[in-house]
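Quick one: the structure is below, questions incoming.
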Amino acid sequence: MSELAGQALTGFIVLNVVIGLVTYVTLLERKFAARMQSRIGPYYVGWPHGWLQPIADALKLMMKEDVVPTLADRWVYNLAPIVFLLPCILIFATLPFAPGLGVADLNIGVLFFLAVSSLEIVGLFMGGWGSNNKYALLSAMRAVNQIISYDLPFIFAALVPVVLAGSLQMSVIVEAQAGLWYVLYPGLGQLAFLLFLIATLAAENRVPFDILEAESELVAGFRVEYSGMKFALIQLGEYAHMIGTSFLGALLFLGGWLGPGPAWLGPLWFLLKAMLIFLVVTWVRWSFVRIRVDHILAISWKLLLPATIVLLMATAFVVAWRGAGAA
Amino acid sequence: MPPETTFLGETGQLVRAVGRAMGVTLRNLFRTPVTVQYPTVKRVYPDRFRGILALVYDKETGEEACIGCRLCEYICPPQVIKVEMLKAEKRNFARTFTLELYSCEFCELCVQVCPTDAIIMLKTFDLATADRRELLLDKDRLHALGLEHEPSWATGNRLRDMQAPPKPAKTEAKPEAKAGGKDAREPAE
Amino acid sequence: MDTEARRVVEMGYGGNERLVMNMGPQHPSAHGVFRAILTLEGETVVAVDAVIGYLHRCHEKLAETLTYVQYPSIASKTDYVSAMTAELAYVAAVEKVGKIDVPRRAQYLRVLVAELQRIASHCLWLGTWCLDMGGALGGGATIFLYAIRERELVLDLFEALTGARLLYGFHQVGGVRYDLPAGWAEQCRRTVDLIEQRLDEYEAMLERNAFFLVRTQGVGVISRELALDLGVCGPLIRGSGVAYDVRRTEPYSSYEAFDFTVPVETAGDCFARYRVRMVEFRESIKIVRQALDGLPEGPISSRPGVKSVGQVRIPKGEGYTRVEGARGEIGCHLVADGGAKPYRLKWRGASFCNLAVLPHIIPGHKVADVVAIMGSVDPVFGEVDR
């Protein structure tokens, strides 16, 4: 019973930390993007440098009027943000932040993470359908197309470290990188990391793959009819998913909490590595124009999927050969 | 650059292009932002800045320079100026002078035609308000603005002298005849 | 709107699984106020019905009520992004009908500001086009902000010259109103040097970028015959293989004294039009440098400065002048009746004629291409609706 209470407490703490992290990551992105564009970014709220900007945004969204279109499908429309948000937050339950520090270090951790993170599509499509808006529907259809196409290379690229470590449990994968981080693994590691990053960009609807929310065409995509707290939930879900996959990338490829210094610095290293991946994704986001939906799908099915399958098979051969060779 | 046809060639070209684009963004990350933090920092306005309008007093006599001739009223394209003349013994004045700044185009034509350099533009634009009636400037307000802010370079005579073609066969070499290259800020006589 | 389209719009459903979607007057990438009624089959656009007129401000009637000295400041509001060339069209028409000479220095100044304005207008074009293609939260915004940063430098030059940043009132009948202030030539040279360097950066970001190329190559092809049939102008026709530039075919304002090339591409797609405009950037910089080097001394106007509203009277006559604006050929047909106001003024807006291609080239493309094509056509609705 107390174990359950302990887990519940850990879960609650992790949830709050994640939400706080997600709100401040938006500020990080805005400042980073601003500097790349020769401007300053949020500055005045929480002077200097806009430290209170995310809090101001959250308060503003809470105070906004909740506008529901007259012809919207009520139940679907209202449930969509929640169905979208749940998987995006649930993935944090499987992440270990330090050896023994995490909500649930499942022995099928990576599988659970990948499976649950794909569930956001359901919420996304519910939002697009329930809004009774042609733009939202168009964007939701594109989104389903894109996310389903890119989940496969995403999963295969994420499976390369699993095969190298021989386990789906996340803490075991991190421990197996004690000697050499998987991103530095000759050949396979870099390729897998690169493919993982590209698939992440697409699975997160980040430019150049953000055909879902192409502002100049579809003006916010499936979110277009949402306002106030529901919009905040959707934004929260998107950024949480983004951070979650950054954490996964840091864990699978960059060695998780491993780093110089005492063991209690582990979560800090983990955070830094995840932020590094996030910044690289942001850097890519602010450098490119978006590509058309048919090209996006062509890249996924004709380029990424064969590449990741071949990579996974090559990893399997290498591991088998290494396992047979070593004692 | 000829398009590559092999798979590796295409991929290499793509990687190089991606690297180039991201390199430009990264280079800009380390450049100083160009933002000017208005209103704590104001940028330097050039001499000819066309800001809000004002009426001035004559430099020698200290009287109002406006003689109520209504030339500015007639030339204003959106017709925002309304003047009534007040006749007096030595010279005329403007009895009322209203300028609807909310409709003003800031084209500087009124400044251009004024024979006594009475109406000028200032080097400021900051008259933002929540009540449009405050932008209906009357004569007192216009004179007050003229005293508060820095005037721009342009006055009627200066503009007309800059634009005038050279007068034929004058004995003294007028500086306006050689309009090019000279410091156009020196006022004519 | 024609009756068939109205019926389709009211039904909201085009039959045959077609979706009628409105890219309405308020849209982030409509480049102004423009309504396109798209009929979609899935993602492919099948028909386009363009609705304009949201920015109609009765310029031509206004010109009949304003005199020749008042209207040049208003003329800049037709093509407000490229205001200098718009004013130039009007005053050139007045000077042609009234047979008024323009001194050499004024002609060179007009060329100088027109080319600087072309640079600024193309900066805006590049920025907004990439913004439309890349999204307000994405790489497009980055290029947009860089392009605007460079455009601000040119606008600073104009501000030092005239006092205004967007709508200048620089031209007057017989010449120009402002002469160069001290230090302006050096500032101008520094600015164009900087812009030339930054152009290399933009090309690095876009030129061989596969993402950009797949969005623009083969998209929105205007064939040579179509371009000649519809009377498009400017970078659209030069991107389709016709070497027509008003500055070369009918030189005005001493353009014959300048040495520049007119870029022509044959592909006719968005990428060709992009290449044409990027080369035009560099050619305009060349012309600016030549103008600064060769600026003759002399008066800046052949008529005295404006002193009264009815100062310029043009005898009876009519005439048409054309100038090469940033978007194409801007034409101005003036009928004068001997007074201080024109009897009739007709603007030929470059963007108005360019928009005529849209129903011919958009069908068959995807929705995402509509914005790419609109951006490469680069309409400004002040010119379209006047």
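Think of it as A, B and C in the order they're written, each chain with its own count starting at 1.
Definition applied: a residue touches a chain if its C-beta (ideal position, glycine included) is under 8 Å from a C-beta of that chain, and two chains touch if they have at least 3 such contacts.
Values in this document were obtained by computation on a predicted structure and should not be read as measured data.
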| item | value |
| --- | --- |
| Contact-richer chain pair [A-C vs A-B] | A-C |
| Most distant chain from chain B by Cα centroid | A |
| Interchain centroid distance [CA atoms averaged], chain B/chain C, Å | 24 |
| Rounded Å distance, chain A centre to chain C centre (Cα mean) | 43 |
| Whole-Å separation of chain centres (CA-atom averages), chain A against chain B | 52 |
| Touching two or more other chains - residues of chain B | 18, 21, 24-25, 28, 34 |
| Set of chain C residues in contact with two or more other chains | 139, 142, 146, 149, 205-206, 209 |
| Where chain A touches two or more other chains, by residue | 36-39, 286-288 |
| Touching residues (chain side chain C, partner chain B) in the complex | 66, 69-71, 73-74, 103, 105, 139, 142, 146, 149, 152, 156, 159-164, 167, 169, 172, 175-182, 201, 204-210, 295-309 |
| Residue numbers on chain C that touch chain A, as the complex places them | 19, 21, 27-29, 43, 130-143, 145-146, 149, 205-206, 209, 211-212, 214-215, 366-371 |
| Partner chain C, residues of chain B touching it in the complex | 1, 10, 13-14, 16-18, 20-21, 23-25, 27-28, 34, 45-50, 71, 74-75, 77, 105-109, 112-113, 115, 121, 152, 154, 159-166, 177-181, 183-185 |
| Chain B contact footprint on chain A (complex, rising order) | 32, 34-40, 43, 283-284, 286-288 |
| Chain A partner contacts - residues on chain B that touch it in the complex | 18, 21-22, 24-26, 28-29, 31-35, 37 |
